[in-house]
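The structure under discussion is supplied below as structure tokens; questions concerning it will follow.
Which chain is which? They are A, B, C and D, in the order written, and residues in each are numbered from 1.
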Amino acid sequence: MILNMGPQHPSTHGVLRLKLTIDADTITRVVPYMGYIHRGLEKLAENRRYEQFTPHPDRLDYISAMSWNGLYCQTIEKALDLHLPERVEYIRVICFELQRIANHLMFFAAYTLDLGQTTMFIYPFQEREWILDLFEQISGQRLTYNYFRIGGVSRDVPRDWPEKVSRFLDHMEKRMKVYHNMVEENEIFLARTKGIGVMKREEALRLGMLGPPLRASGACRDVRRDEPYSIYERLDFDIPILEEGDSFARYEIRMLEIYESIKIVRQALTQLPDEKIPDGHDLIKQPVKVPECEVYCRNELPKGEGAFYLISTGERPEGRLATEGGRRPYRLKIKSPAFVNLWFLDPLTRGHHIADIIPINSSLDLIFGEVDR
Amino acid sequence: MNLYDMILALLQYVHINRLPQPWLDVIVYAIEGAIFFTIAGILVAFTTWFERKTLARIQLRYGPVYVAPRFGGILQPFADLFKFLVKEDIVPKNADSIPFTLVPFLLLTTLIITMVAIPLSDWLYVTNISTGILLVYAFFSTMPPLVMVAGWAQNNKYTMIGAFRAAAQMVSYEVPILLSVVGVVAMTSSFSLYDIASAQKNYRWFVIPQMLGAIVFLIGLVAETERLPFDLPEAETELVAGWHTEYSGVKFMLIYFSEYVRAFLGSAIAVLLFFGGWYGPFSHIPVMSFFWLMVKTYAIIFVIVWLRGALPRVRIDQLLRLGWKVLVPLSLLNILAIPLVVRLFGAWGWAVP
Amino acid sequence: MMEEFQKTLQEKFKIAESIVVRNELRVKLVREELLPLCKFLSENSFDHLSCITGIDFIEYIQVVYHLFSYEKKFWVVLKVDLQKDNPHVPTVCPVWPVADWLERETYDLMGIVFDGHPDLRRILLPESWKGYPLRKDYVDENEIQWGEVL
Amino acid sequence: MRQSSGGYLSAGQNVKQVWEKLRRGYVVKSMVTSLLHVFQRRVTIQYPTVRKEIPWGYRGTLYLNDDCTGCSLCATICPNKCIDMIEFAAEERPSLPPRLQKQTRIVEIIKKQGKEKKYKIPQVNLWRCMYCGLCEEICPVDVINMSTHYEISERSREALLLTPERMMAREEVEG
């Protein structure tokens, strides 16, 4: 039988359509259809100036807008060969890691909700809400922050902000125990997720999985360590690895990453230098003009390795296709981790029950703004 | 003095008791039924509010507040009722409209009939039927075929899968439920719920001798009423809304209401069978006996809601495995132990046939 | 290390142009050489295909592969120039399975045909879509102009 | 094909497995944890009656000050092109309500330049705005600003058009 799941289905996390071929209760094939919220961001980028495009990467993965925004700014800075003030780098890393925590909490809430544990939807949201409050205080928005600018941040963090963050981290560590009790000590949860959708290390590497699902399969690949960007070299943190590669491991790896992120933010807060940094008003006065170059910049986003590939032709093409003398990208390719990880839905779900598609789909942590772009 | 006598006395007061006996019975039972169903209906409506409010508290939310804000939104069920009544009643184009329309009504009817056998207190009952518990389960088990018909009639793959799941689940959980009751029935040598409850006077609750039976019954109850963690037939993240996906408006309301009727009646039956019925301090006062039954029933409903607040959903194969491999053997074990239990607890004052 | 690798590649394959920028080894080659080179790379620890990009340079279309080696810690960027009117390139799916959807996306938005791809359909746009939106000469007939909306 | 239900276990293994699960508490820990939350403070906010505190620098709807020089920088930076520049004659040029008016530069300029000159003032199509705040940042005279007003749902698109008069009047913003 062919069962059509989505695009309006409660557990497809946005607008994903899955065409399931099922044999009684066993899935034999899954064909995902996406593109329902394809907005053509790559084409959009070709028609925007560099500084104009900064709000748009937020809309890629609206659950971790900070990370995408930062990645975009880093790409342009790499092309311009800009060196940022220390304080900006530290603020960015703090924001990246807080965003990672927020993203994983959101993942966690959605995951448990999909398995029917409605209460666990709202518990992580308390902490996520707290992070949103922290971001709201620095950026003025709660979801699509548009906080980073090419060469800096839109405004310096308030004086008491670092202290608020560290208070949040203390709270977060305490709350982790509650999550542990609610989920890992729950045999029904374990029965639903352990051994479901197993992908072992070799296969995951061969097929090219990304991000936390890959690390849950036992491969230690993290851009923060393998190709350090920003100030990650100076910080001391571990990359959590699990061997099992099932839905439960994909959940657990994120919980471990939250602990690591807390560690990173703590260090960054203590090292945060005090200096005057340019704010958005200063930065926007200088038009961004990228010379002829090509840049591939990637980050470890909460959902995996994401990248921008920027082609700038400088002043070259003129006429209708002009890039305003290097003020617009000639081509900006967006590489999204969720797009790659969605591909794994088919190999992971084969041979499982219909009900198992829910934990597998959720454990990949997909977001369709990013898949469809 | 029970409800029948009260109504009879009332009729005497207004001098309508000169009618021949069968006609008088018809009138009395009609009035009795109306009173009983009104009370039960209000209680079930209250159950929906109780569940939403309790769940909200566990989840750190407020729950309904806007209708009767002073009383925590207790009139919300009636607001919902009006909302459902004014909603558009959609019959899908390709659905088989006659069974589609019939099922919600039949579903609620079968449940309302079971109320006949369930006493809500030592005076508030329609009639004392000698086959009480069997009658209740006979009507409860009309649900799987009705669900199958509904799932088929809606002409939707999700409803069909939901209906299959519902049927499989209910059929496999009726077995342990009925087997778990055998112990209680053997101890009182009666199928009547009124007699079973009456046998638990002086705090001789059957939950103590029939511990195993009570546990099996309660787990089975959660599965029978399709609550989390066993709400697979309507697992909203998998099957949208399970076997009643296409229902809307009044029909959906009937299904929704019948779910809560089942939960409420199931909990009441559990109390009557295992938790001492209406007996409690001062239960010789009629109002108090009703009060104690309600307190116990809502305590069980609270546990059911709490389970919903704490647990994720199991998978269908795990559910069936639990039913057949754990609950059925346990209830059989319980039946095997009856002679021993009767001898042992008979000595301590529990009802012995 | 990168220079050594560059030399090895130049010896083994016909490479039009290769330069080293930062930690990227940018290699330009003809499409006949692509598949053998990819096989060689994947045997030499380049198991991470990060991105496949199609770029419309008006006169020609370029397809770019970003490969990273977690052992050697540098990138190899393969570039193949294709004809504008009929861009064909062999698929790298057998070498890196992750290329499946990346190639489909490139086909969808840029119109590059990957020969031998198991399932080359549009992925983000509907099947009925005409044209390839990321090409510079793409004109959308149904485009809504700003200001018409109100 | 992978089988999710696992292989068959012997009776002894089965009992052992069940015992292990029971020893770990089965689901008791999560049930107790969830029940303990009953005693915690509720986290949701009863929105229309209770409101969250809006921090300084919130990016809400736009409003205008009197000093606009009509430089059009905001219109050029806006990524969604939602700002149009509207031309006004001197006497029609909207101004702040009297209680907010002070002797600003633009008033002097108007006095000096006379009434023939046209003045450009931004108009915002709010339904297209994404509240990125770039117009606020680029404004050289700090005229266009973002308020803390965020309740902007309307029944029509026309109602979302922030004309210069509306932006100057600031009724919604100060509410």
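In the analysis below, contacts are C-beta pairs under 8 Å (C-beta built on N, C-alpha and C of every residue); 3 or more make two chains touch, one makes a residue touch a chain.
Only a predicted model underlies this, so the values are computations on that prediction, with no experimental measurement involved.
Among the pairs A-D and A-C, the greater number of C-beta contacts is found at A-D. With every chain reduced to the mean of its CA atoms, the largest distance from chain D is reached by B.
If each chain is reduced to the centroid of its CA atoms, chain A and chain C end up 24 Å from each other. For this pair, chain B with chain C, the centres built from the Cα atoms lie 63 Å apart.
Inter-chain centre distance (chain B to chain D, centres taken as mean C-alpha positions): 49 Å. For chain B, residues that reach two or more other chains under the stated contact definition are 58-61, 309-311, 317.
Taken residue by residue, chain D touches two or more other chains at 27, 30, 33-34, 37, 43, whereas all remaining positions touch fewer. Within the complex formed with chain B, the residues of chain A that make contact are 1, 3-4, 9-11, 25, 112-123, 126, 182, 186, 188-189, 191-192, 353-358.
If you check the complex, the residues on chain C that touch chain A are 23-24, 47-51, 53, 55-56, 58, 64, 66, 68, 70, 73, 75, 77, 96-98, 100-102, 105, 109, 123-126, 133-134, 136. On chain A, the positions that touch chain D within their shared complex are 26, 48, 51-56, 119, 122-123, 125-126, 129, 133, 136-137, 139-141, 144, 146, 154-155, 158, 178, 181-183, 185-189, 195-196, 198, 280-281, 284-285, 350-353, 356. Residues of chain B that touch chain D in their complex: 57-62, 65, 306-307, 309-311, 317.
Touching chain B in their complex are the following residues of chain D: 5, 27, 30-31, 33-35, 37-38, 40-44, 46.
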